[in-house]
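Same chain, two partners: subunit A is paired with subunit B first, then with subunit C.
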Partner chain A sequence: MISFENVSKFVLSDISIYVPEGKTVGLIGASGAGKTTFIKLACGLLSPESGTVRTIGLQPEKERKQLGKMLGILFTDISALKMDDTVAGNFELMQKVYGINKEKFRADYKDLSERLGFAAFENQMVKNLSLGQRRRSEIGAAFVSRPKLLLLDEPTVGLDENAKQVFYELLKEREKEGVTVVFTSHDMAEVSKVCGRIALIDEGRIRYYGEEEQLRKKFAPINKILLEFSDKIPDLEDLPVVRYVVNDNRLCIEYNDNYVTAAEVINLIMQQSEVKEVKMRKPDLGDIIIQLKKKGTEKWEVL
Partner chain B sequence: MKSDTLHVMAVYTKTIMKAWFQYRTDALLSSLTVFFREATGIIVIYFTLLKFGNLGGWNIYELLFLFSLLFLTYGIMIIFFTGLRDFGKTVRNGGFDRFILRPRGLLFQVIFTNADWFAAVGHGGLGVALFIITAGEVGIEWNLRNIVYCIFTVIGGVLIQGAIFLLLAALNIYLFETNSLKELFYWNMRKFAGYPISIFHKVIQICMIYVVPFAFVNYFPAQYLLRKPDMAQYPAVYMYITPIIGITLYMLAYGFWKYSLRFYKSSGN
Partner chain C sequence: MFIAPYFAFAKKSFLGRSAYRFEHFMSILNTCLQIFIFAGIYIALYNGRSEVDGITISMVSTNFVLSMGLKAVFCVDDYFLPSKVWDGSIANEFLRPVSFRGRMLAENMGNAAFNVIFHFLPALIISAVVIGIYPPENIVMLLLFLLSAILGYGVLWGISFAVQAAAFWAINIWSLSTLKDVFVNVLSGTMIPLWFMPEWLYEALKLTPFPYIYFTPVQIYLGQLSYRQILQQCGIQLVWIWLIYLLGTLLWKKGQKKLVVQGG
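Moving on, here comes the complex of A and B:
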């Protein structure tokens, strides 16, 4: 769906990446790492200094009009909406500009405006909206043309929790329909929640690209299980764990995800004792990245 | 999608009108302000010229006829080319990035999403009023030939000024800000265009004919209708080629615009 071959532009340096169709990929990295530049290259707002970019098989800059019909885009610094028009007026214009079937458009507009809550202020001028109201309308604008590819730059900035949940639901629905999504975020928990794949961009290079689980297995395989028992603590001698700490009837186990699964550990324990409560703890994605940075770049090989 | 281009143009116009009429009183006052601001300039010129009687052989109504063509063409031009006049602002506020991301022609969007109706009504209204009054006073005969000539000449004059704005918009891609150039090459040259170019120094005449060809917007067309003796200094063919100059300049500016787009850098980052 998106392919970058040895692409350099601004801070991005010689990056190669392929985003397959139907996947949701989270681009994460510090401010200035090159996330927005990546999105702008993919949609044709920027051209690479060197290398090749293909989006949905097209050259974004040269085949802008054909590509534009298939893209849903959201930026923090470029509003999809005209400020001196109403929200509804902007959507009406989009229906014409994108050549969307009227019936389909009406149904999608109704669904999006009600779920994202911008139906309540659809007749207000965009310039008079609050940031949150504008962002909800802009998300609607990115989704309403039923694009094949969604490029979303910091999409949840300015959204309240309610709107964020609706946005996540919408993403999941579109993913099921086969839509490809690339979105940038500083919020690791959000990326972890929504994206099947992650791409870590650091100092203009892609340090890791793949499933989040693979990243964890490679760089942070030690997970924790917290257990509370009704009666006795089981015999822990033969458990395949890295270490454990016992505190009254509570047990904290650290295990290596590369050698044993949480289910296997819990099964072994449950054969011996009655477990009252189980809690799983995985290292925070943000912490993993910070740790990797501290260890130095040699650890950051692209998988 | 091409077949619905007119429909999209209509929606764009509706949006502009909606924004314009959002504050009706303000819209009316703004248009009247432009009208009276420009009219005041004309009144000052009128009373000044009353003292002299004529300027370079042109009487007061003939001079005002020159002005009328300038206002009329600007009034029409600004309906279509406001987006090009204000292109720097569109780039800075991210509006041009929005156009790039939409599946429509860039120039189409730049042109049809903007129209300065205040200027159009103010300048155009003044232009029409002056044209009607002065054409009667200077005794222009309204036969079919002259009517067709005027229509094509006005179109040519609009295109010449549109080409200047398109060229400056394209330069904006390299220079980020072209207000000074606009001031120098459009607004300053336009001030000269209110008078017969024959009264100016040769250098200014060359500029008005070959650099920023305002002479083809009003001076040479007025010569066709008025046949003043100072036309003898210039090739007679100049009276007939305003539409050709307009189309040619616009095509050249369009070519430069298309070429320049490849160097456009998105706002931010």
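Moving on, here comes the complex of A and C:
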């Protein structure tokens, strides 16, 4: 769906990546890492200094209009809506511009406007809306044309928790329908929740690209299990754990995910003792990245 | 299907204008006042004479009423494209599956259609009653006047687009836009009818696009041109539209290139 081959532009340096159709990819990186540059290259708003970019089989810079028909896009600082028109008026115009079937459009508009909550202010001028209201409308606008590809640059900025949850649901639904999504975010928890794959961009290079689980296995394999027992603490001698801490009838176990699964550890314990409560903790994606950064770029280069 | 999005932009623009009633009435008043002031000045300059160099005061008044009226119709917003370049929203326009220039033209035509019905016609009727204008030579001349007026609009719109495209390189196009307005107002016959220009200047002006914006349609309306001359003048208008379109296309493409290479 999107392929970058040895692409350099501004801060981005010699990056190669392939985003397959139907995947949701989260681009993570600090401010200035090159996330927005990536999005702009993918949609043809920037041309690469070197290398090749292909999006939906097209050369984005040269075939922007054809690409536009299949693309839903959202930028942080540029509104896709006409400020001097109402929200509903903007959507009406989109129906014509994208040549969307009227019945289909009405059904999608109704669904999006009710779920994202912009039905309540659809007759207000966009310029009079709050940031959150405008953002909800803009997300609706990116989804309503039923694009094959969604490029979303920090889409949840300005959204309240309810709107964020609806947005995540929408992304999941679109992913099931085969839509490809690339979105940038600073919020690691958000990316972890929504994206099948993550791409870590740091200082213009893609340091990691793949599933989050693989990243964890490689760089943060130590997970924790917190157990509370009704009776005795089991014998922990033969348990394949890294370390454990006992506190009254509570036990904290750290295990290496590469060698043993949580289910195996719990099964072994439950054979010996009655467990009242189990809590599992994996390191936060944000923590993994911070740790890797602290360890320096040498560690990154392994990726 | 192809025309539907552009029609939607034009319709939206037309309906959007109707929301601002006060502005609309003030515009009619403004146009009428301009016509009355210019006509008043020339009536005073004529000092009771019926004609000067074969130009009657009625011809002068008709020129003002029509050219000022057309000016009110051909109201092009020189800051439409620049504002989008400066705030970055041009990026979204690049990605829409419609031609941005087509969209601009459609919106402006929606505006022009509104101006014809609710601005030009009322101002024309008021001015005709108060000052008095020549009727069209005949119905064919009236139709040819309308055709030439549309072509004149094409020339003006093309010039405005080229000026707007300068926004890709300039951080302010105010001076360029003002310069364009001065040239259009002075050299197209809206402020000074071109009959009063020295012969050498009039001949020189014919080599520029400006007389073909307002003055050619007015000449057709007044029956000053033969059918052969009308055909010739409309042909020249088309050539100017084409040349200015090429210039606009060149600037537009270079501007886009600049944005995708340098970012914006």
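Criterion: the second predicted complex is superposed on the first by the 300 of 303 C-alpha atoms of A that agree within 3 Å, B and C clash if a C-alpha of one lies under 4 Å from a C-alpha of the other, contacts with A are read in each partner's own complex, and residues count from 1 in each chain.
The rule we apply is simple: a contact is a pair of C-beta atoms (placed from the backbone, for glycine too) under 8 Å apart; a residue touches a chain by one contact, two chains touch by 3 or more.
For clarity, every value in this text was computed on a predicted model and none was experimentally measured.
Student: Should the pairing of subunit B and subunit C on subunit A count as a clash or a fit in the superposition?
Tutor: clash
Student: Is A:125 touching anything from subunit B or subunit C once the two structures are fitted on A? First, second, both or neither.
Tutor: After superposing on A, A:125 lies in contact with subunit B but is clear of subunit C.
Student: Should A:44 be classified as contacting the first partner (subunit B), the second (subunit C), both, or neither?
Tutor: A:44 contacts both subunit B and subunit C.
Student: Which partner does A:85 reach: the first (subunit B), the second (subunit C), both, or neither?
Tutor: both
Student: Between subunit B (first) and subunit C (second), which, if any, makes contact with A:293: first, second, both or neither?
Tutor: In the superposed model, A:293 contacts neither subunit B nor subunit C.
Student: Have a look at where A:96 lands relative to subunit B and subunit C in the superposition and call it first, second, both or neither.
Tutor: Both subunit B and subunit C are touched by A:96.
Student: Kindly list the residues of subunit A that each of subunit B and subunit C touches, one partner per complex.
Tutor: Residues 10, 37, 40, 43-47, 61, 64-69, 71, 73, 75, 77-80, 84-85, 89, 92-93, 96-99 of subunit A touch both subunit B and subunit C.
Student: If you look only at subunit B, which of its residues touch subunit A in the complex?
Tutor: Interface residues on subunit B, with respect to subunit A: 1, 4, 7-8, 11-12, 15, 18-19, 22, 94-95, 97-98, 100-105, 113, 262, 265-269.
Student: Contact residues on subunit A for subunit C in the complex?
Tutor: Against subunit C, subunit A makes touches at 10, 37, 40, 43-47, 61, 64-69, 71, 73, 75, 77-80, 84-85, 89, 92-93, 96-99.
Student: Spell out the part of subunit C that touches subunit A in their complex, as residue ranges.
Tutor: 1, 4-5, 7-9, 12, 16, 87-89, 91-92, 94-99, 259-261, 263
Student: Spell out the part of subunit A that touches subunit B in their complex, as residue ranges.
Tutor: Residues 10, 36-37, 40, 43-47, 61, 64-69, 71, 73, 75, 77-80, 82, 84-86, 89, 92-93, 96-99, 125.
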